[in-house]
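Per-chain numbering from 1; labels A, B and C assigned in written order.
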Amino acid sequence: MTDANLMTVPDAAADPARRKRSEALYFAVRNPKLIVGGTVLVALLLLAIVGPYLTDNPPNDYVGPKASPPSGDYWFGTTTFGQDVFSQFVHGLRTTFVVGVLGGGIAALIGMAVGFTAGYRGGRVDEFLNMVTNIVLVIPTLAVLLVVSAYLKARGVLVEGLFVGFTSWPWAARAIRAQTFSLTARDFVDLARLSGLRTRRIIFREIAPNMSSYLVMTWILLFGGSILIAATLDFIGLGPTNGTSLGLMMNNAVLWSALQLGMWWWFIPPGLGITAVVGGLYIMNVGLDEVFNPRLREL
Amino acid sequence: MRRYFTRKFLIYLLTFFFAVSIDWAIPRFMPGDPVQSMLSRAALHPESATAMYDYYSNSFGLDVPIWRQYLNFWGSLLQGDLGTSVWLYPQPVSSVIANAIPYTLALMLPAILLSWWAGNSFGAFAARRKWLDNTALPFAYILNSMPYMWLGILLAWLLGSVLDIFPLSGGYGYGLQPEWSLEFIGSLLKHWFLPFASLFLVGFGGWAIGMRNLIIYELESDYSHYLTALGAPQRLIRRYAFRNAMLPQVTGLALQIGVIVAGALVTEIVFSYPGLGNLILQAINNEDYFLLQGAFLFIIIGVLIANFVIDMVYVLVDPRTRTGMRGATS
Amino acid sequence: MSVQVKDLKVYYRTLRGDVRALDGASFTIADGEIMGLAGESGCGKSTLGRSLIAIDGRMRYVGGSVSLDGAALPLDDQAAMARHRFTAVSLVPQYAMSAMNPTRKIGKLVTDLLRSRGIAPDTVLGEFRRRLELVGLSTDVLARYPIELSGGMKQRVVMVISTLLDPSLLVADEITSALDVSTQKAVAEAVVEFRDRGFVASTIVITHDLSILVQMADSIMIMYAGKPVERASTDAVVSSSRHPYTRLLLSSLPEVGVRYEEHRLSGIAGRPPSLLNPPPGCRFRDRCPLAFAKCAEEPPFVEVAPGHSAACWKA
């Protein structure tokens, strides 16, 4: 139908598309959820980028007095060993973003590849991919990670991100499959198929653009999920072996009895940082959903 | 219908096979040698060490070709034999795990089921009710964004350390022996509450948000509009919306179960709760890979059973799968 | 005179202000009359249909009245309006394929609906079964889920449900647009049959497809840019239409069965004016081949022949 319009009245066709985009923008800049979530996220991202330059203390060196509460010298206080918590926090925040982008990105790529193929091809291919998805879903991530970490004595953030990405895609694949499935039944996809376009072109030119907003939202959820999974891994000591991370900070705090000693400055910042990043992402996601789906806007 | 069950069953069987094979690989592919590391801690004479090494290799079944080890593993697994713990030598892994399982189940089952039920009910109630949507939902978002262990740490610090209402760690009081006495059960409950609450709260937030969004979608669907056009009261429309929104939440439970289990494990670690999570941490720290293997085996079996049950429940609650017109996508 | 609509105005709230989607419509429909309502998309026909059933949050009731058998409908009070729905005014929706809750058996759905409206199901279910058989469905469908029925079957079930309580006014919104030609004909015949049997008093059939109206409607009302432009018996509209827009519509319809919406642009040059801030005067004048100076003044919708109204200075 849109194609018919395009051919007959160019100005009419360009207009609704532009209007739709500008309308999305209009709602985007007025959506409080999107603004709040986005602001929190950007602020933390800036802190993660700039923060490490604000302090001269390497995150893991014993630089200061032991177990001192926040002060002018050590903004977030120090650990039992005299490490600078602020320095650990900003470096850990960096790790968090890297793991989220990487893990979420890889999971989104795999999820899309599996989801598009299963949803578009259907039949045997679909059944096979469904089975693979099910298996990955049920296999305990931790067990696999143990074997992997056995081989890689020195693990960096990249390895962790890759690993999280490779294990957290199943739900995304299922969701994208269902969406692709319903889009494949539409006229314009039939038309593309009849006109002899190759499968990959149909998926990238016809199907993906029509669910782009959905894909963006899926990626955001995977982003947040990856951060939480990585925090869990760090917490049980399966995270990066070099550098620092927010999960590792919490692990050390619990390990060295920060709870019993009342050293709240040691374990509050890392958890708060993760909660703020993930919460910002999730709230932004709901905001985006309202922008893209007019039906959800509250009137 | 039968085809559906057969297919499901085959998939589960295959998954079980894969998962157990990975599980088997854990101690074999670990760096270093579990027996060596155990012996090095004992600091023996070199010659007696060699003898001990042979003895332990034999008793752990590590002195045969690897394919043989794999077959033996399945064989003894089917007999319920999970090997011997290195850390708590010579206790069998199965009995070490059997002591931990009740704690983990008592923590996880109520937390998962109650948070699912309460979260869904609350989310459905909050949807399209402006004041609740604006006041309570942000809290649900924050809860849902918290790493499990951090909420645990916060609760432990506030209620355990600062206010000193609940104990900080352990499964029961230090001076007590497990027995059927009021004192012991009271102590159990007191120690159980904080880990349970932190698991419950994170889950509650997630389910409430999911349900709220699903209900809004359902209320905007064609069948809701048609009922409105025929003058049906909101009560009926919301009832239908709730029923239909529950279906994806059942599937969601299956999708989330792995993450929830991982969350429960780290929560146990925060509270030094004597369940599987703590056992796994101890096993990692003590390089007790046989114990690790056994603990994971139980987790694999538990997750598989949970998924299977959810699949069956789904068939019961979604008529579309029952009538055989369309197989469930899950 | 069973249905009387007087100067009904319903606008859409948008970011840029109100869109005057329905900007004053007055007409009457007699008992037993099937009135076709046609026009390009965006002409206000669907808004009119919707307003008669439920004005939702995005719409704003501006003015005018609708009375049914002499009693006014409380259009701007949704709670009061709910009591009239189903019993007095009813809808066969465009989305009949997805109108029924997919997880409820059809029999249960109808029972739930009746109960919720305070009607004992037993008093009506017998008639429901009879009517299902009348439209060629077995009563087995009561024990089936919507997904088990074909598109045509769902369409018929929805028609039977909507008319179950013998409403005075039935709004049928684009009920044929999703169907193939032979099913379209069957649905059109069913609408006529329901009228003949007295299941509904007056019917409004909203459609893009003028040719389907020729088969089933007693009278036709053509709308353009939020206002009715011509209203007459079907024969009169087809053979002696007075409004230039109607004539252009008919001439752009080469054969029966071709929907003109897809062809409108080749048929009639230009586009309807924006309804955000419509220009004064006749809204069709920019596209009208007959336009002259007087068209800057708005033409009244008046009777130009017995039972034939039009809004054009040259009619």
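Keep in mind that, in the parts below, contacts are C-beta pairs under 8 Å (C-beta built on N, C-alpha and C of every residue); 3 or more make two chains touch, one makes a residue touch a chain.
Remember, predicted model here, so these are calculated numbers, not experimental data.
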| item | value |
| --- | --- |
| Most distant chain from chain B, judged by the mean position of its C-alpha atoms | C |
| Chain with minimal offset from the mean of all protein Cα atoms | A |
| Chain centre separation in whole Å, for chain C relative to chain B (CA means) | 55 |
| Whole-Å gap separating chain A and chain C, where each centre is the average of the chain's CA atoms | 48 |
| Where chain A and chain B are represented by their mean Cα positions, the distance between them in whole Å | 23 |
| Set of chain A residues in contact with two or more other chains | none |
| Contact set on chain A toward chain B in their complex | 127, 131, 134-135, 137-144, 146-147, 150-151, 153, 170-171, 174, 177-178, 224-225, 228-229, 231-232, 235-238, 247, 250, 253-254, 259-260, 262, 264, 267-268, 270-272, 274-276, 278-279, 281-283, 286, 289, 295-296, 298 |
| In the complex with chain B, residue positions of chain C that touch it | 53-54, 81-87, 90-91, 93, 95, 98-105, 112-113, 116-117, 145, 147-148, 158, 161-162 |
| Residues of chain B that touch chain C when the two form their complex | 221-223, 225-233, 235-236, 240, 243-244, 247, 318-320, 323, 325-326 |
| Complex contacts: residues of chain B adjacent to chain A | 7, 11, 14-15, 18-19, 22-23, 25-26, 29-31, 130, 133, 138, 141-142, 144-151, 153-154, 156-157, 160-162, 168, 209, 213, 216-217, 220, 254-255, 258-259, 261-263, 265-266, 269-270, 280-281, 284-285, 292, 296, 299-300, 303-304, 307, 329-330 |
